[in-house]
């Protein structure tokens, strides 16, 4: 835009030609921008407004006070707890798998990544159902444990937090593996050899060289699964008990069963703010990662 | 170094058999922000002429070509082809041919389909398309390759196909952007000959970009030596050699020896330069007044040996290198190394004391305030 | 590979751990497929005896699955058309022209992938409910396009970036106009990417739950919503076979994408952005 306006004097024609390319860009971008403004941005603003609207029309923070007190507040804490637990768990498990894959030869790595990626494209609902069958009182897992004569069997693995975490972790795991695998593949393994050549032991090399190199990726992976978990309620609803009610389920209940739109809107906005906070951290992590990369390159 | 005399002068192309058109470029300018890529580029290119833009990267040669092609919009100036102003036309309306360094064959089409593409655009009947595709492929020695996919061909073959694709619709002007840059030396030499032969045979106007001096000399009727976005000199290879207008041209094309000194005076057809070593060197006339600091430039191939004391300088032969029928030698004289080339049968031995002499017509004087 | 040699014990531990993790990922899926052929579709594993009865039951008279299946297919088809259309124009704008605020546009396009879907669903509910469009296939498709179009854009941006823009210049230098270049050069080269974008859009809609749940009515439910309702409220054993069908559709989609890429091999390099959200995260909000 600046260029076009600066060049009016000698080349009005040139400005026109330049803007032809810009015009094509605007014209092609318009459909999706309009679409998302109407069906994505506007509805979210609508939600925001509704969450601030009092029963007699004025502005109020009443719905937020409601959402942040009593059992609703418990639900919010549960959501954060489940998201946190899932993030940590899928980060740890994802780290192990991604590390193993990054050490494989490309052909094998490709095959393993297929096993990681394919489940991701299968409906999470279906995968959750698979877990329900697996973890039931007479499911495969308990049958196996009973046969091993472990004390306390059959365990109750369903309709409690353990079940929820198993389910959500399996849903989030592909994300963390993909992120971590990408980062680990880009690590220059000669750096590790260099560290070893200086006399660093295995553990020291891992802790002082490898971990710092992949740390930004770990932050990204963990935060990503945390964010995605926040609004996810399929698995908690199907595999959890009453104590595992999450904010998203609450929104669903308030809309579908109680017709309590304002309260649902307030919960939605809180979820949105939490997501923004997570995205901000994600941005920060990737920026730190980027500056670390430039430092390395320099 | 190629023999200059065999290079065709522009006049050797009979204008009657030309399919090419004349190109005229007037005061072209292009800047990207504060960086001026091309400044005041002007030239008249005759129909059927082979012109090369020669320069290092960043000299503006490619930008100039892209402006002629229409891929880069000039800030000011005009471009006409055959009298038609095309400065502001979209590339597809300019009716030019373009050969890219990266071949840019369409990967989803066969070789034949690639070459047929511009003909289809022009609504040429199917039979004729088939005939012309076959003819053109034959011309570059690729008859029978029409059904192959581009990725099955070698780099040299791909570039031949790209050449066919630009030739087949007989555009009046063909632009080539370092078309041989990605090929190895041997293939490059071979394709240079092919390109030159086709150009002469069809009477094409070709504008060619390269950073390779030898390639420019082999191919061109005239060369525009470019530096920092400007055309230093636009001349025949012979003129560039014999009458370089700037020290840069003298150095870039011929790796000239530069001998510092001062203008002593003028005697009729000659300018006398008092070199810093004290001896006097006669040169081609130069307008600057006596006393001006100046540099005398002379190509290594235009120096001759003489007994020490006879020539404009004397020194010790430091090294002698055989390059086929020539020897290259370095002569140290008064703290400066002068490079000379002689026929091998007249080579001195390392350590010999020799004198150097040059025909005044081969010595060019540049005043020291001339840039370079 | 230059690097540290690991110890044998380390390697074996790592291999066993990875194998267990892969089982963890694949087991629920394998289990459903196997169980769907068992006579006791809700229970014991491995099944005692085998049957195709559950698949027949899906399409039996009075079954509620066919309606849900056809609604899902309809919604996914509409979504695919919308998403590919929006995706092609948007990707063209992002890769082939000068676009003011390019990174803002790209940010807007990617945002739906990171915002909680339940929030998007709630927002859509709030506009479609007053318009009495709940249960309308069009409303659900419009909602699904909010999620599917960004994925289509990402795939098509990668596709268009993988096509050397100078091929289009080369065609222009021979006299091809904009429309001819699009038809003869860009479109054939982009075809595998367009196919991939279409399939991803379809599967995104076909599997989507949250938006469909909010925009469904008791009489019109998509397949995932129906599955959810069955799992939450009544134990209909055919749900296992339906789940297996959903798995089959997803696998088929992936095979088709692989096929399209294989047929178009040599034209593009690099992975398709199979994981959109992960892609954004890795690129760290990098602009186009």
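Going in written order, the chains are labelled A, B and C, and every chain counts its residues from 1.
Criterion: a contact is a pair of C-beta atoms (placed from the backbone, for glycine too) under 8 Å apart; a residue touches a chain by one contact, two chains touch by 3 or more.
Please read all numbers here as calculations on a predicted model, not as lab measurements.
Farthest from subunit B by Cα centre, which chain is it? Let me know.
Ranked by distance of C-alpha centres from subunit B, the top chain is A.
Quick check: which two chains are joined by the most contacting C-beta pairs?
Chains joined by the most C-beta contact pairs: A-C.
Averaging only over C-alpha atoms, locate the centres of subunit A and subunit B and give their separation in whole Å.
Spacing between the chain centres: roughly 59 Å.
So, what's the distance in Å between the C-alpha centres of subunit C and subunit A?
Roughly 17 Å separates the two chain centres.
Roughly how far is subunit B from subunit C, going centre to centre by Cα mean, in whole Å?
56
For subunit B, which residues are shared contacts with two or more other chains?
none
Could you say which residues in subunit A touch two or more other chains, in rising order?
Residues 18.
Which stretch or stretches of subunit A touch subunit C in the complex?
Answer in residue numbers: 1, 18, 21-22, 24-33, 35-37, 39-44, 46-47, 50, 93, 96-97, 99-101, 103, 112, 115-134, 138-140, 143, 170, 173-175, 178-179, 182-183, 189-190, 192-193, 196, 202, 205, 217, 220-221, 223-224, 227-228, 230-234, 237-238, 248, 251-252, 255-256, 261, 264-265, 268, 271-272, 275, 279, 282-283, 285-287, 289-290.
Of all residues in subunit C, which touch subunit A in the complex?
Against subunit A, the touching part of subunit C is residues 1-4, 6-7, 14-15, 17-18, 21-22, 24-29, 31-32, 35, 42-45, 85-87, 89-90, 92-94, 96-100, 105, 108-109, 111-112, 114-120, 122-127, 142-143, 145-146, 149, 153, 203, 207, 209-210, 213-214, 224, 227-228, 231-232, 239-240, 243, 246-247, 250-251, 253-254, 274-275, 277-278, 281-282, 284-285.
Would you mind writing out the residues of subunit C in touch with subunit B in their complex?
Residues in contact with subunit B: 164, 166-167, 169-178, 180, 184-185, 188-189, 266-267.
Using the touch definition up top, name the residues of subunit B that touch subunit C in the complex.
The contact residues of subunit B facing subunit C are 69-71, 90-98, 100, 102, 104, 106-108, 117-118, 121-122, 151, 165-166, 169, 175.
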